[in-house]
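The same subunit A turns up in both complexes below, where it pairs with subunit B and then with subunit C.
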Partner chain A sequence: MYTSLVSHTPKINQQLARYGVKFGIYKNGVFNERLFPFDAVPRIIEADAWDELERGLIQRVDALNAYLKDLYGAKQIIKDGVVPSDFAFASSGYLPQCEGITPPRGIYSHISGIDLVEGQNGEWYVLEDNLRIPSGASYPLVARTLCRRCDAETFRGGPMRDNRDYGERLRRVMDAVNCGGINVVLTPGRFNSAYFEHSYLAEKAGAVLAEPSELFVENEKLYFRDAAANRRVGTVYRRLSDEFLDPLCFNPESLIGVPNLMSAYRAGNVAIVNAPGNGAADDKGIYYFVPKMVEYYLGEKPILKNAPTYLPFYPDDMTYVMDNAEKLVIKDVAEAGGYGVVFGCDLEPQALGALKDSIRREPRRFIAQEVIDFKCLPTYIGGEFVPRKADLRAFVLSGEHTEVWPSGLTRYAREAGSSVVNSSQGGGFKDTWVLSR
Partner chain B sequence: MKILSFTFETALNFSEPVREHSFVLRCLPKNTPSQTVMDSQVIIAPRTPVANQTDGFGNRLQIGRIEAAHDEFSFISTGLVVVDAADCDGEEGWGATEAPVADGSSVASGSSAAGWSSSMSGPSGSLAHPIYANPSTFAAADAAMRAFAQEASTEASGPWSIAQALSHAVHERLAYVKDVTDVSTTASQAFALGSGVCQDFAHVLIALLRSLGIPARYVNGLIVGEGATHAWVEMHDGTRWRGIDPTHDRPIDDTYIVLSHGRDFADCAIESGVFRGGARQDQRVAVQVFDQASQQ
Partner chain C sequence: MGSLSLEKVDHLLWLGRYVERTYTTMRFIISTYDAALDSTEGNWKGQLEELGFNEQTDDPIEFFNDCLFNKANTSSIAHAMDAAYGNAVTLRDVIGTESIAYVQMAVNSIEAAEASDAPLLDLQLVFDDIMAFKGCVDDYVADDAARNIIKCGISIERLDLYTRLAYHLDRLPQETHKLASRIDRIGVPYDKAHFKAVVDAVFAPDFPEGATYEKLGALLVHIAGIFK
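Right, the complex of A and B next:
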């Protein structure tokens, strides 16, 4: 199905470089930009498997949105003891500044990036929920466009669902929560490593691409400074993180925020996509509770599984973690990204003992997970097809209703046998084909 | 119980004109279980429309933007507040919203808990929000402070008694000295320095209380007999918030008016602004609080 496509790999990568499809990483305090290598062998998801995955993702994101609304409002799930307050409010992503604010339509996570892996048993496991402006949709989007251009034959009448409507879907989400005015994509600027994605998505969604200095707030309304007139903004899809959003509400040192943006948001005059404060629902400690949220808010059995996770906070889990630390992956809840993640099997006995002591001392700070052995995908490296571990970031959009983009970002590990698919570790990406039949 | 009237004036002078000046003020008192705002208003110059909002901590906000160039910015808030520090039984659980205060004007005084809409009513309604038990940017204890808190509280039993012991210890440990610290000084820096102003006294006491597991928060306000704004501490004793002033080493009484509170200074600044123009600024503040009864 993809044999002829693979021969175009170098050409597609050249085009990606020309477009500026890059990502930025910090290493030893130095910021670098790198190309993100594309592998033309797609991840293929059969129609039936997709249907199941789609239902599970919608369910999960609906529950996460319900949790955020509850957390910043009535706090019923905490009162009922389903999520302990120690976890709910200790998260650094919880922003008390957002207490009592209900966003338009009650939606907090408009664009959710759910990271999954497919186990050897064929079951999908969620590894992480990303509810704070997850990035990466533009990679498969632009890759698909280039693939079609290089090899139209493969796609003409092929069984893969078209994924080029992401911009249209994004626009529908922005329209659904719009409080009156234009849609804007707010970028920190052209020197940001994701600037390509910001401009590409703005164009595809028919939104205005704005830098912070082009926006201002007056009388509780957000405006875009146009050469002709000031235009009211009804939805801002901001690609800068919460702390930099509004120097008069969050980090006062922020030079890239929009002063008093939060006043327009509080007054219900602008939708912020995604809502500030979402970090309270996507941190490592809260992850454990997401299946419970599905049951609590929706009264349904969770369709998607978490990787089996233990909270040493609970005595039974503590016992299990102490007895099995050498085969578990231990994560420090306070650390972000890939930091603070330790595989028990990689540690010398002494280091493992020290880690166990830390866990006993501060049980709330850690979670432990079973290591999931996930599937490899064929990957074309050095002129041959070799197996590489790969994950999937699915994009779930919540507006009028919640839907899943029939595609996604598949990332693969560079080295054979490695489970590290992070782009910062030199991995690459693939297109994701969802079959329609 | 006292009826206090106040006038609080702040003027910022810029060395050269600034423009596109966005600001947030927390210069009007709010209703609390021990404080009822009878009347309050603010006058801002240059004149500009002001939006009244409430932040996530329940503080009243006055928000605006001045587009045109200006070299002075001032606000004068005035009002009348009934204070009864002994009457703290009103429920104020976490997630609670403060009783609303009508925009810049008078409110019905309302009796006790009637006006309190608490979304955390029920058994846990009287608990402090868990964020006040966690360290925050400006009020986190280091090892030296944790040891100090342990030692200073050995004789005390119960949260309130511990708070009084710690307040006394902070008062002994820190010297009140102006201009040795600034708004970016943390509790541990002030503690190591051994001096500071009311903001530093408050941050240090908050950090010490939290290190012993007692929820504590920062309070900005006005007091009788002081010409500037003041900062103190509220600690939660398990059922309610109680105010204590480490700068004067005393529990708060009916001479204190609460303007705003938060985890620390950063959450509840009385005045903050962002503008264009590289001007230096200096600030003049004048505060007068009168006990109405003693006037008569």
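Right, the complex of A and C next:
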């Protein structure tokens, strides 16, 4: 289906360079921009498989939104002992400053990036929920446009669903929660690793791209400093972390926040997309409880599976992890971007022993998972098709209702045998074709 | 005017200035290089030293490479184009990805020319990219104010460079009138009568013979005041 498309891979990558499709990376304190290598062999998801995946993703995100509303409100799930109290509140993503705030429409996670892998048995497993500021939607968006341009034969009447409406979907989400005013994409600035995406999504969603210095709060309302006349902001799609969002509420040393933004949010005068405090639900440790949340809040059986996960926090799980560390993948819950992920089988005995000591000392800091032997995808490297491990970040948007973008960011490992797909560690990306029939 | 903060106005103006700085400086460097081929008196650096190219070298190739490609030299075209790019990428929601792509291409073309065995020939692509960028801005940027602020930047940079280099002085009156018309379209308030008086004093009937750096400088200072 994609044979003729693949021959255009170098030209598509040239066009991606032309459009500046890059991500930033800091190495030794120096900022560099890198192109994100694109492989034209797509991930293809059949219509039936997508239907199941879509239902599972909507179910999962609805449960996570319900959890956040409960956590910062009635805390019934804690009272009922489904999620242990000290576990929920010990999460570094839990922000007491968000207690009692109900965001517009009660939505906390508007843009959810759910990382999945497909096992050898064809079953999908969720590896991680990203409910803060998940990146990556812009890349397949640009790539699809270029692929269509260079290979009409493949796309004319093809069964792949169009994915180029992400900007419109994002705009609808921002409009749905808007408290009166313009939509703004708030970026920390051009030296952020995902700056291309910030600016591209602002353009595609018809929102204003703003840096913190261009926004201010007055009388608990957020304004954009327009050269002609200040303009009220109704929704801010922030692409900076919670701790930097408002120096008067969170990190007082933040130079990239908007003072008093939280007071405007608390007063219900602006929607913050995604809501501050969401880290309490996408913590790698809380991940363990998400299937339980689905049952608790929705009364349904979870459609999507977690990778088998152990919390050393629990004595039984600690025993299992100590006995089987060499065949597990150990994750530091405080890390992201592929960092802090260690495969026990890759460690020398001494290093494995040191890791076990760390787990014993700080059991809350780690989770352990069975290694999922996930599927490789054919990838065109060096003029031939080779198998490479690949994951999928699906984007779930919650506004008027919860919907899944029929596409996603498929990241692949560049090296044979490697499971590390992160762009910051050399991975590339593919388009994701969801078939309509 | 759409939503333009003062920061964005500043980026638009400097985008225009840096794009034009790259274009005009590159033309000037190439014409100086060409003249240097025939130079027998050792003054092959021409007026480039006045543009800040103070490389202490007797090797013409090294000197011109520095003028073109040394990003650490803030007068080089590579530096100017990088600065244009730095301003452009903050404006994607205003001028669009299509326009920014030409700035990106110009940056890429400079890097490719540096690695080329015929760099001056390959720099033609940079001229092409810049001209395409200007055309794209004209055709594609819907916001009148944004479009005209970029053009103001282009005009200001031309006036500045032409004055410093006493280059194309005959074009200064026309460029000044173009600038005035663009300022009017942005809607920036300024004292039109005073501006006209300054312009008339500079472009007196004896211009350009009677022009002095003081008069031209006063005009530039006045223009800078409008944009403060």
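Assorted remarks:
Assume the second predicted complex is superposed on the first by the 415 of 437 C-alpha atoms of A that agree within 3 Å, B and C clash if a C-alpha of one lies under 4 Å from a C-alpha of the other, contacts with A are read in each partner's own complex, and residues count from 1 in each chain.
Keep in mind that, in the parts below, contacts are C-beta pairs under 8 Å (C-beta built on N, C-alpha and C of every residue); 3 or more make two chains touch, one makes a residue touch a chain.
Model, not experiment: these values are computed from the prediction.
Once the two complexes are overlaid on the shared chain, A:113 sits clear of subunit B and of subunit C alike.
In the superposition on chain A, contact of A:200 is made with subunit C only, not with subunit B. By the touch criterion defined above, A:302 reaches neither subunit B nor subunit C.
In the superposed pair of complexes, A:234 makes contact with neither subunit B nor subunit C. Within the superposed three-chain model, A:279 lies out of touch with both subunit B and subunit C [touch as defined at top]. In the superposition on chain A, A:260 contacts subunit B only, with no contact to subunit C.
After overlaying the two complexes on the shared chain, residue contacts for A:74 are found with subunit B alone; subunit C is out of touch. In the superposition on chain A, contact of A:17 is made with subunit C only, not with subunit B. Common to the subunit B and subunit C contact sets on subunit A is no residue at all.
Residue ranges of subunit A in contact with subunit C, taken from their complex: 17-20, 182, 185, 190, 195-196, 199-200, 202-203, 207-211, 213-214, 224-228, 231. On the side of subunit C, the complex with subunit A involves touching residues 1, 3-9, 86, 89-90, 92-93, 96-97, 100-101, 104-105, 108.
Contact residues of subunit B toward subunit A in the complex are 20, 22-24, 49, 51, 53-57, 61, 63, 65, 67, 94-95, 97, 119-120, 122, 124, 129-131, 134, 263, 266-267, 272-274. By the touch rule above, subunit A contacts subunit B in their complex via residues 73-75, 79, 85-86, 88-90, 94-101, 216-220, 247-249, 252, 259-260, 263, 266-267.
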